[in-house]
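After this come two complexes, each holding chain A, first together with chain B and then together with chain C.
Coming up: the complex of A and B.
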């Protein structure tokens, strides 16, 4: 309770509230730690979209991992619905775990090759009691339909029978099946063929429209970040360099009128 | 006169446990002296296989079934024996393979990579080798003092890529083939490599084949582009012409699937459907099932790759209509 008063009303009402979050990695043989995330502050409300851009090594994925509970920050506050993510216990922790999901970059590594699609998707539904046991197969089928795959053609297949784009649709289905409030999508289409990318991005946006899912969309591609935000009805662009959030604002404003040198450099490196 | 390389009707099959698949379907294209040709295709389009068949360097279970690759001053590379091909490699044509992050020997420093490569092709004068290495490393904007004695793990991805480009130039080849040279790099390093290649092209007059899945990289870099889909050459022509007045539905759809920094987000969209199963026999056009222009004929007859305007080729039964109505 004290903690809430300390950080104020915004922290309490936001879906996500990060205040001065840093992540340091101690590396053997180096006298100084590697600073992956350096004093990052931002907040997100229910149904809000954000895109996090920066080049490789800028700390985007590490920040994403802090959000989903996989990387404890060295310092700073990382709050989910006003509570410190890394102090959550019991029911509150489980609720957070279900509410915040991650879609990985590599759909080839994210699915267990020994399990069928049904076997990959069913446990999450069972784990969180999303549907009655007898309805699990039906629920998996409807998730497959949601991501544009005909259930009868996919439900009993193994990942190696599917293309990269199909696998990523399965990963999206799995993340969305537990009805999360927030999804961190870390370079979700980088490994997907160009012609299929936008269909998968549109899929993510459909869940925002239908269920009000919030997104942190991590990408190195400024034009793709803009597409994601504008197609989804607007949102904020966050630019990261060397672990620091160097610019943040409405996507149109940042792209048309970048303030920071690094943002300008990223924009210039996009060929049109 | 100006022709450097002419590839005609190349077909490459791979034998697999499930049967034979065709990776490259009768592809034809040409490279003039001084050209930068971009070869664009998605995964499974056969772009790497095509590059290696240009060098007659397809290993089993792959096999070049038919076609010819004529290099000016040398002849048909597909008719040469292994040893003769080796003589052409590096000296006439050099290739920078994909996954360059792993194509250096981790136990050798950069200097030894130069010595090893040049010695394998008959240059044993160490002093000369070092002079060449110094000059070429400077050419790719690396400091030879530091880089020559560095081991691969001490170099960043972008630096390794530049070392390999320098290495590919040791015998001043006429044609440099780069297979996805920037795919593993971030946008800033990507731009650096592209600028560097452009400068080398201008300074040394070398011709370049640049293979990529990213059609955007081609514009402003290459002067010609070849678009592949499922192993088939769909369109070939001047980059700006293909961009502004494409003749092939796949090119049109591909260009429409790329978001831009300032364009209307509602005017771009993904291409529905997916690539045909490589094991399935394709009787008509491989793109027909995803094509919004498709008519019954497209599922029955594979369209020929024809020249519709001077230097502008396309494989589609409706390229003429598209050309008349689109531009």
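Coming up: the complex of A and C.
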């Protein structure tokens, strides 16, 4: 009874509360559905960092899509501030929609090729009335500055004139522009030149420090996940294999004392 | 706005602002030629008649060779050929551009609506489009034109675009279908931007290049179709029309003697020149609407 109540309180106060969430994909011509996410439970608090590690096909991206509201789970509870994400309506939905944002893996596809950077960033500011109309350009400039780009060199450019790293900075700026509480960063640096990866990760952490943004950092790279969490002041390391969360805990504890075979394998592959 | 902001704006103007649409357009040699030709036709069509005397029937001047008084000679009734061309230009421009506007407008509207709003609305629109696509266009135009028998440019343009929009609507729909599931549209949804924003600000710019090119080709198609209708005599004969000229030149003596070649070739040359101008114009339009061709 006590335990149940405790869970209830946690579900209500947490930013995010997932209980036994599964996602199945029915595929034509196959008898059994593809199980992308299999009974995943975890929770996130405001300002918390989490890294979701697993190999490709482990279901980590699908789980990320459930969090941002793009993939309805087949079963289980996906709660945002205690309410089912996929049943949110009206004001509560708008609050959720603004609070949870995504940074996509592919910065080449995430920006509209026909729009300048200003035209890509301004609409969200206007939509949410974050700044007055006359201050929009100034606000976009300061967003660009925040992500380390000189506004005058970028604001009127088209995406095709920018490198992958520059585009990803702009995607980060756009995701952060609505001042979200939680950002799901789905392999945000995979398609970026190795030499620039850490600077993008640092940028994400910078926003955590400044605005208290929570992150779910999805990656296949254990070393990067560890860097993200340790540099960000600690957080939760979650390891996913075949749709299941096989290990979850404080990053240092998991790294120093992994319990699951798969986690050990991942850590060994880094240290070797 | 304080002075500091102005400084930033000014700097961006000097350093990285994109070239204006016209600069991008003008950089292309073909676009320049196309624009000059097309503007030339507009000048000829709408200012020409004010300065050039209207061709009159003059039986003493039948089949006159080119001369100062008649730079392109005269026809079988002694009318000035150049005058016929100049006085026919305005009508051709009206018919072709209105027809292209109607055809392209309907095509874009139906293509975007059926691509974006899937479900009953989209299916219904596509069913209508598919039915129209199965109708042989030129034959329907012939039938409608011979029933309507009007020389009013608006009506002729309407007749010409009866089926012209359907293929284009399908093409736009397929582009919208692929664009609407693109990641940048997904991002716009995550930011809760409206359908209005997504359609007009995210999707439209991506099909503008294609739309503009289609517009130009529609003008060309309407030109051929309208000239063809007049050539066949389906539409009522009117004075001053390239199609009528072509028809008369072939049936009333254009082939009789080599010296009459100018009479026959003039309408053909002017139709060809107009078409070439439009195609060159489309090269420039592609550069303007396609951001990938905008270089630093």
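Going forward, the second predicted complex is superposed on the first by the 263 of 272 C-alpha atoms of A that agree within 3 Å, B and C clash if a C-alpha of one lies under 4 Å from a C-alpha of the other, contacts with A are read in each partner's own complex, and residues count from 1 in each chain.
In this section, a residue touches a chain if its C-beta (ideal position, glycine included) is under 8 Å from a C-beta of that chain, and two chains touch if they have at least 3 such contacts.
Note that the coordinates shown come from a computational prediction; the quantities given were computed from them, not determined experimentally.
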Chain B and chain C placed together on chain A: clash or fit? fit
Exercise for the section: Could you look at A:34 and tell me whether it touches chain B, chain C, both or neither (first, second, both, neither)? Expected result: neither
Once chain A of both complexes is superposed, is A:131 in touch with chain B (first), chain C (second), both, or neither?
neither
Value for angle(chain B, chain A, chain C) over C-alpha centres, in degrees, nearest 10, is 80
Under the stated touch criterion, which partner chain does A:104 make contact with: chain B (first), chain C (second), both, or neither? second
| query | Does the superposition put A:248 against chain B (first), chain C (second), both, or neither? | reply | neither
Exercise for review: For A:222, decide between first (touching chain B), second (touching chain C), both and neither.
Suggested key: first
Once the shared chain is lined up, is A:193 touching chain B (first), chain C (second), both, or neither of them? first
- [ ] Identify the partner contact of A:152: answer first if only chain B is touched, second if only chain C is, both if each is, neither if none is.
- [x] second
Once superposed, chain B sits from chain C at a minimum Cα distance (Å) of 8
Listed in rising order, the residues of chain A that touch chain C in the complex are 68-70, 94, 97-98, 101-102, 104, 106, 109-116, 119-120, 123-124, 127-128, 138, 141, 151-158, 160-161, 171, 174, 178
Contacts from chain B onto chain A in the complex sit at residues 42-43, 186-191, 213-217, 219-220, 253-254, 257-262, 265-266, 268-272, 274-275
Seen from chain A, its contact residues with chain B in the complex are 55-57, 163-166, 193-200, 202, 220-224, 226-227, 230-231, 255, 265-267, 269-272
Note: in the complex, chain C contacts chain A through residues 5, 8, 11-12, 15-18, 182-184, 186-188, 190-194, 197, 201-202, 205-206, 208, 291-292, 294, 296
